[in-house]
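There are structures below to look over.
One chain, subunit A, links the two complexes that follow: it is found with subunit B in the first and with subunit C in the second.
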Partner chain A sequence: MAQVSLKNIKKSYDKTEIIGDLSVEIEDKEFVVLVGPSGCGKSTLLRMIAGLEDITAGKITIGERVVNNMQPKDRNIAMVFQNYALYPHMTVYKNISFGLRAAKLSKADIKKKVNEAAEILELTDLLDRKPAQLSGGQRQRVSMGRAIVRDPQVFLFDEPLSNLDAKLRATMRAEIKKLHQTVKTTIIYVTHDQVEAMTLADRIVILKDGEIQQIGTPMDLYNKPVNKFVASFIGSPEMNFITNADGITLGIRPEDIYLADNAPTLEKTRTIAATLILQEPMGAETLLTADYDGTTITVKAPGTVNLAVGQAIRLLLNVGNGHLFDKEGIRV
Partner chain B sequence: MSNNKGLTVGQKRAIWAWLFLVIPIVYFIIVRFYPTFDAFSMSFTDWNIIGERNYIGFDNYVTLFNDPVFWVVLGNTFEYLLFGIPISLLLSFTIAYYLDQIKFGHGLLRACYFVPFLTTAVAMAWVWRWFYQPVPIGIFNLALGELGILQMDFLRSTTQALPAVLMPAIWAGLGFQIIIFLAGIRSIPDSYYEAAKIDGAGDRQILWEITLPQLRATITFIVITSSIGFLRIFDQVYNMTQEGEGGPLNATRPLVIHIYKSAFEDFEMGMAAAQTVVLFTILMVITLLQLKVMKKDG
Partner chain C sequence: MAEQKIYKKAISVKKTVIWTMLAIGAIAMLTPIIFMFSASFKYSDEIFNLNIIPSEPTLSNYIYLFEETTFFKWLINSFIISTVVTFSVLFFDALIGYTLCKFKFKGRKIVFIAILSTLMIPTEMLVIPWYVLSNNLGLIDSYFGLMFPGLMSGFGVFLMKQFFEGVPDDFLDAARIDGLNEFQIFIEVALPLVMPALSALAIFTFLGNWTAFLWPMIVTTSADLYTIPVGLASFSGEFQTEWEMIMTGAAVASLPTLLVFLLLQRFIIRGVILGGLKG
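Then we have the complex of A and B:
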């Protein structure tokens, strides 16, 4: 069992507070993604769980043990770094077996474990290569191999995909998900990419300025964002916000806005007149950017659309799927 | 078409580059390369600095290799190298390794280690020469006396003189090597150490499997530069031994002093040139060997 519990965690450097009183309970075998814009404290939080940074106050428990003052090696965790942290002078085999050699396992045991990990990650043919001879995706897999051979209670991932190109990122995302299903270990995963968060997580923790904004399943966050920050962070393209004279904001996602002439029948709707300022065909859909009384509205229209930029258009908002926020940006 | 008249941008750039390089190139050819090549031809003559240069074939080399003193000198030169390199490498790495880990007083300590590198070798050699004197002048013998240990001869002993001369030579180069090691250590990404810490590696495994292999290029550089330095040792020996002879009984005399004495005391320029060629060959072979060894699976 390896639940991870963070209780009233605080972190400050000198007088600058990075994280102020944060608590999260992570279940055994759960895949939790910490997501937020850069500088929100998510990497610091991960590094504190790893033991690479001290905590200023609070209590971190992994499994049954309080690990506050434990060395990283005694916490029974493994970490995958953004830059992979592979040792360039060692072969893939040596890299993967590094931690096992540190644990003074017998040669035969090391070989068995490395081969198993290589099998899972399809690295068997690459074991004699050096990191410089590998592609970005292969390096990423080696660094995951180094983590899984140690059979840790918790995996920590620190933005593992951000050095890869978009296509590879999608592939590796799927591999990480598969990996979680195979090894069934608690995973804490840090990213700034909401797509990664949505696709990978059992639960997402959204952070901003060192504070938790919301914790929930991806669909919770998508359907019931507690504030404007979460609403705009989750979903792509971003949610549209239309504020009325009383300061109440209607948040509505681009996929809930239709061209009025081409809209399905819906229960609660509102029609607005806007001017088209940009048209981006994506193939399966077209992104339209329109100006509505000084507010920029993004619309995700299915298929191909043939309109002229500058043209007046009428948009139908599916208000039934909208979200209302008060002046402070809190959901009402 | 008239558009193609004149030079391309690339050609113009190359011409400018060469224009700027002309002066250093001319300088190097006249002041460095010509004398170097001249030394090779001089080594086959009996030139005595004022007379004719008569070609005498390999006579200088034959005389040289039959001279027992030359072999003693060559032996001394290699002793400087074989003791100097490991000792200075071990010292400078150890100091740099621990200096890197401290924050308080880091700059001051680093400056202290670097000062000898900036100081004139002659002045340092004389200070050390005094250190090695018998009581009441020499502090080493004073210290030994205080501890009730027998006095040492140091520079007057045929066995202790060479290590005694080597000490300040190592000390003088230490600051430079420490700075280079520090730069090398600092360029190793932190994430390597963090990953190692999480994987449970101890200090030993981190040192042998991460730090040292990552410093391969740094070590190569230091070994090559300091090899050249020790093989060319001169100032310390010249200033710490009687009349700069490299005594007692040639016990500290290195090849460069031998060359100097042949050329400017005995005026046997041809013989001195032959010795220079020998030194040149040794330096080149050692450097190439080191480069090759260090490059292997690097």
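Then we have the complex of A and C:
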């Protein structure tokens, strides 16, 4: 059993506060994704759980044990780094077994564990290679192998896919999901990519400036964002915001806006007139960017649409799916 | 087609220039060395002739050098001192450079600046305080007296610190999670990643000590403790200089330096390749 509980965690470097007062409970075997913009403290939080960084105040519990004063190696965690951190002078086998050798396991045990991990990650044929002879995806698999052989209670991932190209990222995303189903351990995964967050997470924790904005399942966050920040962070392309004279903002996603001539019948709608300023065909759909009284509106239109830039268009907003935010950006 | 030909010609002109320059450089540097080896096979009466092939080649200088002088002892002295100092410099400079680079502690900047500032003081100025120190501690005419000024070097600390800046912290963190202690991380993870710098530092340090003259001459009084450069200088006396012996000794002394360079150079080249592919 390995719940991870963070209670009133604070972190400052000298006098700069990075993390204010943060509490979160992570269930056993849960896949939790921490997302937020660059510099919001995701890595710092993960490194504090790993024990690579001291906490200024608060309590971290892994399983049943308070780990505040424990060395990283005693915390029963494994970590996968963004730049893989594979030792260039060691073979794949040596890289994966490095921690086991440090822990003085017998040669036979080490071999068994490495082979098991290599099997899961399809690395068996690569064990004798050096990291320089591997592709980016293979390197990332090796660094996952190094984590797996430790049999940790908790896996920590810090932006493991951000150095890979888009296609490979999709493949590796699927592999990580598969890995979670195979090894059945708690995973805490840091990313700033909302697609990764949506597809991988059981629950997402959204951070901004070291503060939790919202915790919930991907669909919770998509359907009921608690504030404008969460609303704009989750979903791609970003949600549109239209502010009226009272300062109330209507948030509406690009997929909830239609060209008026071509719209389905909906219950609560509003029609606006705008000018098309950009048309980006993506195949199955075409992204339209329009100007509405100085507000930029993005629309996800069907791929068959073909308009002229500069043309006046009428847009139908599916207000029934919209979100209202007050002056402070809080959901109303 | 025509364009390609011109292109090829341009390259060959460039190549010719490069090769000519390299050849001139090589000749300039090799000539004295060739004369040194040539002189070591000559009898003393032929020593001032400029012929490269001796008219009567002889090994008598070598035999005399090893059988009648203390040269073999000097060779051993030089070897021991250069080796010990090199290992000491590699270990301590790397350790200090690593600590200054990877750990945050109070006074880190000041320590680093203090170490750097030692680079600005020339050896000539340090020799007197070293001598006084050695005299008071009874280190005159001892191995330790010969070695202690070189056991750590400010330059090496600076070099190693700069190279460790290029080692990502994630490597060290990964090893911490794997359960290595800080000293093991230094030895097993950090050091192998800066192999090129270590090799370069080893070459500089070994050669620097192998050829060091001023301090070894000052701190030694008995011929048994001379290093090669000091010993060779003793062949040049007040009334006559035994050039053929100096040349023979220098010829023998140049061989280990070649060996060290050839041995360590491979690491530098391999290290560059490794570093280039890191990703």
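Structural remarks
The definition used in the following text is that the second predicted complex is superposed on the first by the 332 of 332 C-alpha atoms of A that agree within 3 Å, B and C clash if a C-alpha of one lies under 4 Å from a C-alpha of the other, contacts with A are read in each partner's own complex, and residues count from 1 in each chain.
Note that in this section contacts are C-beta pairs under 8 Å (C-beta built on N, C-alpha and C of every residue); 3 or more make two chains touch, one makes a residue touch a chain.
Source: prediction; values computed, not measured.
In this overlay on subunit A, subunit B clashes with subunit C. Once the two complexes are overlaid on the shared chain, A:146 sits against subunit B and subunit C alike. Residue contacts after overlaying the shared chain place A:50 against subunit B and subunit C alike. By the touch criterion defined above, A:85 reaches both subunit B and subunit C.
Once the two complexes are laid over each other on the shared chain, residue contacts for A:132 go to subunit C alone; subunit B is not touched. In the superposition on chain A, A:102 contacts both subunit B and subunit C. Legend: residue contacts after superposition of the two complexes on their common chain; A:245 is shown touching neither subunit B nor subunit C. Applying the stated touch rule to the two superposed structures, the overlap between the subunit B and subunit C interfaces on subunit A comprises residues 50, 52, 71-73, 77-79, 81, 83, 85, 87-89, 98-99, 102-103, 146, 150.
Put simply, subunit A touches subunit C in their complex at residues 47, 50, 52, 71-73, 77-79, 81-83, 85, 87-89, 98-99, 102-103, 132, 136, 139, 146, 150.
Across the complex, subunit A meets subunit B through its residues 50-52, 71-73, 77-79, 81, 83, 85, 87-90, 98-99, 101-103, 146, 150.
Across the complex, subunit C meets subunit A through its residues 168, 170-171, 173-180, 184, 189, 192-193, 195, 274, 277-279. The part of subunit B that touches subunit A in the complex is made up of residues 189, 191-192, 194-202, 205, 209-210, 213-214, 216, 298.
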